[in-house]
């Protein structure tokens, strides 16, 4: 029974999907979290299943090509090949999140990166949040766009054009944190821009803030 | 006792009204869901009853002309004739939803369709969300406007001018999903437009996204 | 013990304050509901008490001049004289609500009435929601402004300039409904105006909608 | 065991952090409350700990230089030196709050004070909410900016440029109230400005409102 393999990671994934809902980052079933299990597998949300129905057993175990290990089980998220691509090309990534959170997606629809004008952005993203290419859902193109775009940035979040947000992290929880913070700063910078032009942060200040947050913050 | 007829569908309707409340699509008592029972009947919310007071027995069984089967029971929603018109003219429809959700209604008040600039819109609506005519509440004109407007679109949602949203679906749950997604994309496109112009999606890409979502998404 | 007088009305008042909180119309302690008890008395929220601490006994019984019946009890809301003025000059009023709900107050700060561009506004307000004068808090001037402004309108809601909203109703629940609907339409019309100009409703249509809603809607 | 020292104040701090969450002023772990214990100590949130995991024992007791009393315990918030600076230079302050609440931070990113155009602002802030300088996180510069900026205003809230909000109060609850009201008025004035120019309040009216609210409001 697959709910007895990796029970802690499955529990974490169910909890993290609930964080997406409670943080209002997802509508209906549009958004998913995955977690790397080992060098050959990851767990991901099943396709089109309501968040409140997710259980430990409903998380789908896939190989790094994105194929379910159990062929007769639930189908994985239709974003499974994007997640798989990220895990294959970024050995440092332990979790991937995808949402259509509203403010971040509003920037993505304009093909406009979010400028780094808040200390909270410098802390978490180390600069702007970039925009990746438009890519069809269902194949590897999205994963490729995510990896290539993030290669040039310190940001763990990328806005995929006309689509939504992908975030990465060393753990699934870190990726969810990046998704929450991405929407938070997307909203605050949006609001600031509505009534004028936010002041830019100095590049050296961004570096110092990023360094402190990544190395000195937390326990 | 009418609460013992169609108890599962009545339970579903009570639950779906709660989804409208939890998704913040309705204020006070302004919004309703109906469900087709068979070729001659549908169930609908009673008029002006608070959502938290809805019970299985309070859902009103009506014939397809919109008249309650039990003349001494609760009065149906004042939108009952609009729902009835839809069921009579669209045999494929199993559920109808009406809301005044804020962002969608803001587009409706400007008589402006929501352009298809998000993959999530292509997925669910297959193109723009159109605007139907202004029509008086209480008669069949709204139902007529809904059916005629949707005839020319793949969208299961229509914005009725200066009024609000009607959505249809093969089931009441599908219609509620369309209402939730309609407000979600109405909000995201609104936000995007506030600071510039979202990029259009290519028509062929919309077709491919719609086809994939309608046929390959989910379990 | 005053919690044993008028227990049902006190229970209703406690519940209605919770509706204000759940509808996000109030921040901290800024907002209050009162209920007429008889031709000589009304009950009102105590001043500066947190909503979650309100009990049946904490509602303050006042005469129609706004003075507490029990001089050693809790102090009434600092808006008590405004409520009292309304009850003395509008015998039809059974409940009064005051909030600083954000969208409605945003119109009030610009001294701009909310135009009637939604069927939901025609239904509940029968036209625009007017703006009343700026008036000092603590005396009768606010009550006078409320009564004089509403005399020329069908609306049960008035925006007091640079301040917030007052609503009236035949019952405290009806006044709370007006406060909820006022914020709902203030928000929707605000959103619509952000991206263009909402279409006006025809005066005769407003009359027909108002008549239907006031006379045929509900049970 | 430190959870047995100052248990009531620790309980209050845990509760007040929950108010920040429920009031939607904070995302993830970005925001903190501190409380002065006596002339030599204050309690503050630990760095990077999730709000739902806070317990009485996790609050960090620090001296007024910002150093934890127990060197092997949890690390205090990275804003600890800012809080300490405020306590050392403002003997009247019993609580300090820091948030990145969205609307207030949107004003801060533009380096723009919030003008006093609402009676609720006159009541609580006695005038505009000012903007303090940009300052690096982690040292005393932020505390210095808070104290120097607030010296010239009646406001208990200051917007720190490109960063967020700091509020002070005679008690930690009063500081949290100021943080809640700051975001509430930041949002309402933002909304009002989106569609035009809010009317200014007269300086003498602001004085009268402030005096009444500070001296006559509440129990």
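Should a chain be cited, it is by its letter among A, B, C and D, assigned in written order, with residues numbered from 1 in that chain.
Here is the rule we go by: a contact is a pair of C-beta atoms (placed from the backbone, for glycine too) under 8 Å apart; a residue touches a chain by one contact, two chains touch by 3 or more.
Given the structure is predicted, the values throughout are model-derived calculations rather than measurements.
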Quiz item: What's the overlap between the neighbours of chain B and those of chain C?
Solution: none
Exercise. Could you say what rotation angle superposes chain A on its sequence twin chain D, using C-alpha positions and rounding to the nearest 5°?
Key: 90
Quiz prompt | Copies chain A and chain B touch via same or different residues, half shared test | solution = different
Quiz item: So, what's the distance in Å between the C-alpha centres of chain D and chain C?
Solution: 31
Quiz item: Approximately how many whole Å separate the CA-defined centres of chain A and chain C?
Solution: 44
Practice problem: Could you list the positions in chain C whose residues touch two or more of the other chains? | Solution: 194
Practice problem: Assign the assembly's chain-to-chain touch graph to one of these shapes: line, ring, star, complete, other. | Solution: ring
Quiz item: Which chains are in touch, pair by pair?
Solution: A-B, A-D, B-C, C-D
Self-check item: In the complex with chain B, residue positions of chain C that touch it
Solution: 23, 117-120, 123, 177, 180-181, 184, 187-189, 191-192, 194-199, 201, 205, 208-209, 212, 216-219
Quiz item: Quick one: in the complex, what on chain C touches chain D?
Solution: 27-28, 30, 46-49, 74-75, 78, 100, 102-103, 105-107, 109-112, 134, 136-138, 161-164, 190, 193-194
